[in-house]
Amino acid sequence: MIIEKFPEDIVREGDYVLLVGASEKLRLIVRVEKGKVVSTIRGNVRLDDIIGKELGSKVRTSLGEELTITRPSIEEFMLEKYDRPTQVIYLKDAAYIILKAEIGPGCTVVEAGSGSGFMTTFLALHVQPNGKVISYDVRREFQEVAMRNVKMLGLDKFVEFKIRDVIKEGFDLPDKSVDAVILDMAKPWEVLSEAYRVLKHGRYLVLYLPSILQVDKVLREYRKHGFADPEVVEVLVRKWKPVSEELRPDTWMIAHTGFLVFLRKP
Amino acid sequence: MIIEKFPEDIVREGDYVLLVGASEKLRLIVRVEKGKVVSTIRGNVRLDDIIGKELGSKVRTSLGEELTITRPSIEEFMLEKYDRPTQVIYLKDAAYIILKAEIGPGCTVVEAGSGSGFMTTFLALHVQPNGKVISYDVRREFQEVAMRNVKMLGLDKFVEFKIRDVIKEGFDLPDKSVDAVILDMAKPWEVLSEAYRVLKHGRYLVLYLPSILQVDKVLREYRKHGFADPEVVEVLVRKWKPVSEELRPDTWMIAHTGFLVFLRKP
Amino acid sequence: MIIEKFPEDIVREGDYVLLVGASEKLRLIVRVEKGKVVSTIRGNVRLDDIIGKELGSKVRTSLGEELTITRPSIEEFMLEKYDRPTQVIYLKDAAYIILKAEIGPGCTVVEAGSGSGFMTTFLALHVQPNGKVISYDVRREFQEVAMRNVKMLGLDKFVEFKIRDVIKEGFDLPDKSVDAVILDMAKPWEVLSEAYRVLKHGRYLVLYLPSILQVDKVLREYRKHGFADPEVVEVLVRKWKPVSEELRPDTWMIAHTGFLVFLRKP
Amino acid sequence: MIIEKFPEDIVREGDYVLLVGASEKLRLIVRVEKGKVVSTIRGNVRLDDIIGKELGSKVRTSLGEELTITRPSIEEFMLEKYDRPTQVIYLKDAAYIILKAEIGPGCTVVEAGSGSGFMTTFLALHVQPNGKVISYDVRREFQEVAMRNVKMLGLDKFVEFKIRDVIKEGFDLPDKSVDAVILDMAKPWEVLSEAYRVLKHGRYLVLYLPSILQVDKVLREYRKHGFADPEVVEVLVRKWKPVSEELRPDTWMIAHTGFLVFLRKP
């Protein structure tokens, strides 16, 4: 999976790198720009010293702290660098959606709305190099955030952002042209017919719904629009404390983000 | 995501299709072969009648039952058609592994062992069209099943299967050549050094471990081999009964498959 | 907690005892009756040989198998000996209800309906020796099963069973006379006013509801009837395989029985 | 269940009451003492005005806010009034322990250690009026907190607190004299023999263990000491947002407190 703005081996100008101190407490993601200096709690780092270095090599701060230069993870990048004016779809849900709805290289995927671009990012990563994401939102100010976010990673070339009220105007797409539709909006039942129209046969509509009454509403509507094989799931990830002597689940966990409803065009 | 053996729109000879009756109880996946007839509980279907048809169209059985011709899902295909001589990695875990370990188009991924080819399939689907999976197993009889399984979907062109005892012989791969390593084997701690060697910096080693004492063993070993950022998680999917009047979680759920441990090469 | 029909130390005629073979596969609960013989897969046991024995001592079958004589657990007794014409409330939910709703020795507790007497049993055990359970049901045939079940353990002296349609007729109890009300019925919202009337101040009404739309209905109604402090919970018990070398959660678990709603009279 | 220091109907001097404002934001538990005045964010309350009042009636603050006088719940009382120098056992775990281990009126129960007295409180409430709790701790300073806590509710008459190192000195109790033993200590495997000795046949030893390696240790030891029927469980309570229009699970939940291990003396 190519992320244009992450180095594969040698750090280039413009790349994002992750710098990690010996204690693992000191971690920061920086964009490598010529002539720039970044300050850390353990001294300054001249970014010129990083350009051309191999991943895994070290750089020293002005106070002598040795930092390892490495590749950020996409998840930590998004959580640290993306603006989040809306609720976002997290990796655990994005993962289940992408595999269950069979979204992969070459797919054409519709999402509404764009939100903060988290789901858009995951989709773009997985439909590249020859697929595309068509991301609708009715609220220009949010979509601009999503665009800015997605652009940071160089993924904007796989996304068409469109300002459009899909409830009123539908999708501006031909029949049976789309491999998956993902709806993260308040009243997705208003778009069921349009989703059906643009989907290929055997393919999935996915709804991301925070409240169970929204799920109920969808379950009462989906048949009218031709969908079949409903599945309602919650994806829960339980993290453990990764220390041998104290091995146990974390005290707190995220117990709810959204319900996922999968519907299929027969 | 192209699955060569599934039709996109028009059914071709050699494709797998899903036939669904009105009641949704009658469902079967068939390989469309010229001159062949398949029998169902509601009469026979001549497969010649299906070739050249559009997905979404109907075919009639000899007893007059109308079946919709559609595309199977990968998951139902695997569960119905794959041989399973070993425990397998299910979609919920494969999904989290693939997104968390940043496995996507173009990636080179190592897995050991091949098992029944479930994980291999998910990996192959997501690294295509220009990536590859290198799948090791020491047990020839299992790997042959995995190969046969993966071939059914035409995904074998993205997989190199190798019979090799990776504990004794390591991976036959250059240093820093691999985007992710996935170990589903009894004693993965024996391969930590080799996994470290072949991984690119910033990339993930993933261990799939049924028992918690295996997790403990890995947590006591990983640092010696240079890994950092351990994460231990369980992925739980809770299904709901998808019927409005009776909306509730299913009575039973799968509460455990394996623990996932993620380690990162800094 | 005295269970009249279980021995505390010396086995008396009329007691229920648990007989356990060496392999732990051979387990059975028997009522000790004079002159009676019970047959097991490993030979017959003369119950006369058990009377007067201490718990923990052994008895031999006609085939020479040694069985340990011990006290059954209430849970295994109920699961083995109680008739179950209805869905029942299991220990995990009963436990949370009893502690959360502060049901203990001396309490007067109302339940509707009686069901198969599982909840009645747990309540009776915990309100003894000076409390009581008033158990309503409109269906005589079920209540007779509940009565028969509860009587086996000698707990009927702590329970008043009443055939009554509480939706139409209410509870035949004075105002503010009850420490807790537990409703396990299809339309509990029809009884909210009556539950409020009979409850003491600061005390709990508990609703056991299989479906989430029932929960929603209650949440839309409770305020009108004077209740406050709503709590909606699910109690999940995850069992582990209790074997050191294979320590891991069970593959399957019960993921849903009912939602518990707690309401309080301020 | 009688809690001596909570009013049943009429408020007496010395009782604890819960005062609740119209908005439900204003909530406080106060001990009703003659001549005393408590201040709230909405003005002062003269406690003399409360004595002799019925639960459910109102009292006015100096600023005219009307407060309902009601009975506190035990859980909110403990969370607000108990000192907590140690980790505590919460209601969800206490509930499952009490019902599973068949702890009820009249039982003699051993616990080690006393901790902050949370478990002691739940046990005392449920063994009254004729049972007792024997609570051991080696650390005098903690046990004094537990004693002070339990005394607030008037439950000390059902508890014998003992300073004693049970690992070295065992329990000072006769053989087969105890209905249940609960161990909440770092190395409970050091006390297995003693627990076995004092338990009645057919009865339960319960271990509360934060870490899974402690569970493993117990599973490797229990057979040597004569125990059987091991059960390892986690009790999870998932709360929902109790609002109709937004009905959904809470975003965060407590995902781990301790593992519960049940062992039985055959």
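Letters are used for the chains, namely A, B, C and D, taken in the order the chains are written, and counting of residues starts over at 1 for each.
Heads up, the rule we're going with is that contacts are C-beta pairs under 8 Å (C-beta built on N, C-alpha and C of every residue); 3 or more make two chains touch, one makes a residue touch a chain.
Keep in mind the model is a prediction, meaning the values are calculated, not measured.
Trainee: Which neighbours does subunit C have in common with subunit D?
Mentor: Common neighbours, subunit C/subunit D: A, B.
Trainee: Mind checking the rotation angle between the two copies, subunit A and subunit D? C-alpha superposition, nearest 5 degrees is fine.
Mentor: 180
Trainee: Please tell me the distance, in whole Å, between the geometric centres of subunit B and subunit C computed from their C-alpha atoms.
Mentor: Inter-chain centre distance comes to 44 Å.
Trainee: Provide the C-alpha centroid distance between subunit B and subunit D, rounded to the nearest whole angstrom.
Mentor: 48
Trainee: Do you know which subunit D residues sit against two or more other chains?
Mentor: Counting only residues that touch two or more other chains, subunit D contributes 212-213, 216, 234, 238, 244, 247, 259.
Trainee: Hey, which residues of subunit B end up touching subunit D in the complex?
Mentor: Residues 212-213, 216 of subunit B touch subunit D in their complex.
Trainee: Sort out for me which residues of subunit D touch subunit A in the complex.
Mentor: Listed in rising order, the residues are 210-213, 234, 238, 244-257, 259.
Trainee: Could you pull out which subunit D residues touch subunit C in their complex?
Mentor: Within the complex, subunit D contacts subunit C at residues 1-2, 6, 8-9, 18, 20, 24, 54-56, 68, 70-75, 91-92, 94-96, 98-100, 102-107, 122, 125-126, 128-131, 176, 179, 200-203, 212, 215-216, 219-220, 228-244, 247, 259, 261, 264-266.
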